[in-house]
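Both of the next two complexes hold chain A, though its partner changes from chain B to chain C.
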Partner chain A sequence: MKAAVFAVVLMPLVVQAAEPRVVVDSATGVVMVRHLAGMLDAPEVTRNLDSGLTNGFVIQASVHREREAAARGAARVDIRWELWDEVYLVDVVAFDGHVTHLKLASKDDLASWWSSAAFPVLSGRGLAAEGSAVVKLVVTFVPFSQSEVEAARRWVTQSGEETGSARNGPNQPEGRSSSAVVNLVVATSIVRRAILRREWTVKLETGGGG
Partner chain B sequence: MIRFMKNMLMRSLGLIWVLVVGLAAAGAAAADTPTFRIESIRVEGASLASARVVRAESLLAPGHSYSEDGLRLAMRRIRRLPVVIDVDFRLERGSERGTYVLVIRVVETARFFYGVDLLAAASHGGWVLSSLDLDDLLDESSCPEGSCDSLKVLSTGVRQPVGAAGIGWAAIQARYPTGSLSDNPTAFELGYTQYDLFGTGAFSSARLAMSSNGQRKWYTFEAGIPIRGNHSLRLLVDGYQQNEDAVAYLVPDLNELGDTRRTRRLDATLEWRIDSRDDPLFPSDGHLLTAAVHFRDRDLPRSGSPFDPGSVNTSGRVMSFELAGTWYHPFDPRQSIWWGGGVSLYRGDQTGRYFYEGRYIDPTELHFDAATVRAEVGYQRSIWRPTGSTRLNDLRWQTTLSGLFGQSWLDEGFPDIQWRRLDLSTGLVLRNRWGVARFALIYRSRTETVR
Partner chain C sequence: MSITRVLAPVIVMVLAATILVVVVERELSAAWFRLGVQPQVMSLLEKSMADQKRLDTASPGNDGLYRRRYEEIHRVLNNLRVLEHSRSRIVSRYQAVLLAVLGLVVVAGSTTQVLGQAREHRRLSSIQDALQALSGGGVDLEVPVRGRDGLGRVARMVESTSRLVGRQRKRLEAMRTLEQWQDTTRRISHQLSGPLNAARLELSRLHELLGGTSDPGDALACASNIDTQLDRLGRWTRSFARLGRLPEPRLVADDVAGIVQHFEEVFSSAWPGLHLAMDLARPARAMVDRDLLEHLLTNLADNAARAMGGAGGTLGLAVSTEGQWVRVDVADSGPGLPADVVDRLFQPYVSRKERSDGMGLGLAIAHKIALDHGGDLRLFETSEQGTTFSLVLPVLPCNSEVE
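Now for the complex of A and B:
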């Protein structure tokens, strides 16, 4: 009986608590996706994650204000279990082409990092100031067989160079490099057949750095 | 003139610079990619295709190092095996540090299989090529898929592994219409494919089919030799023979009683192929490029009605050379497009008796040259949401639009013919572990101009 009450009354609250958050960093203006818990332990993911080959998550966000799309962006997370060193090698590719390399020693470390990491998906300067907005968030898991990591790496190389020049040029519109990167993400990852897909619609929040 | 040359020089330098930077970027990216030294290869889930067949088709060899893209291309090659519908790779530790065991898990088709082709076709236009019996030699039959109205082909059969690297099959097929007034629609088929010939990854396949009354026979021989990566060389010999008694026709006195009308077709193709498609039936990524030499030999009864008083056979031979390519692009996980085209050059001759401009012409020999250019675009959409790790059930809507322009040059006394063709095909294709079913509507329009 208690279990039934828990299932009916409390589970929706648990599910609600497990929803990711999308926050505009008030200092940098970057839109971050946080608290993506609950995907790493899906059977489709666990079956592939320890294959020793690279699997990828693609995080896509589109900000809507008054039912109209105001901005969109994406990030990609590549994960490979290195069998001999027994570490998870993680590459987080941000919307602007910036790559963060991580080594995580165990699945628990990976799960802990995953649930607390903030993934930068787009430059949202001005989005928070313009009033309430909602974000449609889509996270897909693309297994090794469907992804094209080398194409993605080439994309990273090229977009990194492009982003660098954009950063150096004071008159370069800020959104240009990120849209180029997003287009390349679309070209390499999003078109691949995902074997796991989660969607949320959440409020866009404003928060501090970190 | 000097300005033009200067512009060309600057453009060339610009192109070289782009190439150098592009190659350097690609090289830098490649240096970053992990490679895996494969100590051994283990195959799981293979019963129809043996582990040896899967290993041979992968073209991966123990002792070599491969990048992830190299492994992914090997996956695609395995997936193109006719008895494999899905494949997955994983690595395990080898016996020494830095070496790996590659585990290939395959999902195979069922042992019993079916095939369904239900095509409703419509066409209009075209006459001169067929009146000269050139349409068959130029592979330009005015009726799509060999039928001018509809075609129903149902087949079922069983596959059986034979030895360490062979697969045999037996099938029964029913086809309506048969293409003959007197023939039985049922045919029996036997086939055998030997993989990994001489340990090289090459294959050869033979197929023999016969209608239940013995009037029609088909025979096919195919061999493929992998060259390197996605490059391979293919030889295909395809024959067809049909014997009919003229007495079978409704008005036998218009033919010589007891005369046998014999149809014989032989096609031989030698093809260089670069195939990086991700799927043999529903490709959404990769490309297929081919350079082929064809030889076609025909011995046909007059293509006109059986009441034609002059039942003189037409025999012809043609050599052709074809360059073709198709590129596939996904634009989301459910949809993809493809585009492609090809150029063919023909040279041939035939002897026969032709009906042209209201009279019969009896040439001893007719020489001809021809060229065709074709272009194609297609769209494919998955009807079922593409989730799940294996592709056991796949239903797609496919639409193709293709256009062709052809020109033939004939001996003096015969007209040169230009023809334009437009084909539109749309339909559903279902694939599962037991087979493939295709339902399609096809429309063909062909116009011919005599010069």
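Now for the complex of A and C:
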């Protein structure tokens, strides 16, 4: 009986709480995305968060009014666990290219920051004044950065070349080893792909700064 | 070339290669890749990084050595982790590359197989054609099959056999010609010597008669005998000349049945006791020289009449069409041909008549006329009930104009 009451009364509140919010800052006119806490707790994220690779969240927002796209924008959040210093290095890249660097000492600090963070995704001047609008929000998670992909590709390619040189001997002209094809296959197969994707459609709210 | 003969081995090859690639790739390539990104390896690298950090804490004066080592290990670990994330994509792409290579190999192999079989088929057909030509009488053949393999050797053997057959045939023809000339000279000398001896004897007797006091009537009889013998010689030489002066046929499209009908109308009473029976199919058109064709029929009828002798009989003339040929059967009700003349019936000076008042040229001339028309004259059958000769001529299409 209690479980049923919980399910009927409290679950909508939980869902409400898990859903992100998109708010236009009335002072700056910037559309901010908040309450993405559910993303950080997803197993695909927690599995990779301490890998030492740069975990990237791409937040894309498109504002629709009367079923037509009125504006769109995106922000990116890169989180990397630095084992040597034992800190989380966080970069928030706003829609306008402005980067905010953060250094968080623990996972709790990270979770705390993440739950209260507001990510600026687009400039929404005039959007609030024009009446109700909905925002289609897409957040994807990629477990490594493009520069890490390039580094891995270089590493694979160089490994192949070293193997070829070693086989030809130090005084022999460097030939194209048979592993070059395999290395090429491996290197070109390394691409960044999102391993987690979430979508929401929420109302565009108007709020104060912060 | 049967398509199944080509497809069956290709399908088997493709299946076998695909199974081989899938099994080998799954069991070997994927296993090697798993080995490269072993969790244990990554765990060891992580521990090594932690160790570097501890070492740096323990001996901070090492001027960043452990930090550099740490960074180095970190980079390798990062690369391995990126690889680990792309594992499924790498494996699937690797499989795709392998399958593409396999496809190329199979296509190349199949193409080679098909082209090889087609080439062998062509070579076999060439040899088959050459053997057919050889069996049809062809000599000095060139077989367009090169190479030192089995087919090439067979082709050379066919060529050398055809050359050998050609040489043998020429030799046989030369021998046959010589034999014919020998036979001809023997017959000519026989034909000439008979009347000449008789004439010489009559002349001797005439000398005796003119030198004595004989009856002038005897001298006149001798002179008459000499004249008879010389007349016989004259007839013989005219007949001999006819064969040599046989004209080239002037071929025009004509109805053979009509010619035979006309022949019956004109010659029905030419041979006493000989009844002509017609069986004509119309139309039966061919390119013929009407005069020469009537000459041919006359010779056959004359021959039949002589064979039946004074007893008389029936000479059947039947015209029909058989495929690409017009056929004229000339059948008599005579006693049939002696076995010893059947094989050389159409040679000059071969006669079936015991009393040789003909020259033995009738059938030879008839045969020559048939051959000059692009046809042939054959002995169809002979028995005690009669003999049938068949003349065949190339038929003309039905819509050709009859001149």
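Please note the rule applied: the second predicted complex is superposed on the first by the 155 of 210 C-alpha atoms of A that agree within 3 Å, B and C clash if a C-alpha of one lies under 4 Å from a C-alpha of the other, contacts with A are read in each partner's own complex, and residues count from 1 in each chain.
The rule is short, and it goes like this: a residue touches a chain if its C-beta (ideal position, glycine included) is under 8 Å from a C-beta of that chain, and two chains touch if they have at least 3 such contacts.
From a predicted model like this one, the values you see are computed outputs, not experimental measurements.
Q: Per the overlay, which chain contacts more chain A residues, chain B or chain C?
A: Here the partner covering more residues of chain A is B.
Q: Could you say whether A:S26 touches chain B, chain C, both of them, or neither, answering first, second, both or neither?
A: Neither partner.
Q: Could you say whether A:R80 touches chain B, chain C, both of them, or neither, answering first, second, both or neither?
A: first
Q: Looking at the overlay, does A:L196 come into contact with chain B only (first), chain C only (second), both, or neither?
A: A:L196 contacts chain B only, not chain C.
Q: Of the partners chain B and chain C, which touch A:R47 in the superposed model: first, second, both, neither?
A: Touch partner of A:R47: chain B, not chain C.
Q: Give one of first, second, both or neither to describe whether A:S116 is in contact with chain B, with chain C, with both, or with none.
A: neither
Q: Quick check for you: in the superposed arrangement, does A:P143 touch first (chain B), second (chain C), both or neither?
A: It touches chain B and chain C both.
Q: Taking the two structures together, which residues of chain A meet both chain B and chain C?
A: Residues common to the chain A contacts of chain C and of chain B are 51-53, 83-84, 143-144, 148-149, 156, 190-191, 193, 195, listed in rising order.
Q: Name, in rising order, each residue of chain A that touches chain C in their complex.
A: Touching chain C from chain A are residues 51-53, 83-84, 143-144, 148-149, 151-152, 155-156, 181-182, 185-186, 188-191, 193, 195.
Q: What does chain C use to touch chain A in their complex?
A: 49-50, 53, 67, 70, 74-79, 81-83, 85-86, 89-90, 93-94, 97
Q: List the residues on chain A that touch chain B in their complex, please.
A: 44, 47-48, 50-54, 80, 83-84, 140, 143-145, 148-150, 153-154, 156-158, 161, 190-197
Q: Give every residue of chain B touching chain A within the complex, in rising order.
A: Within the complex, chain B contacts chain A at residues 25-26, 28-30, 32-34, 36, 67-69, 71-72, 75, 87-93, 97-98, 100, 330-333, 386-389.
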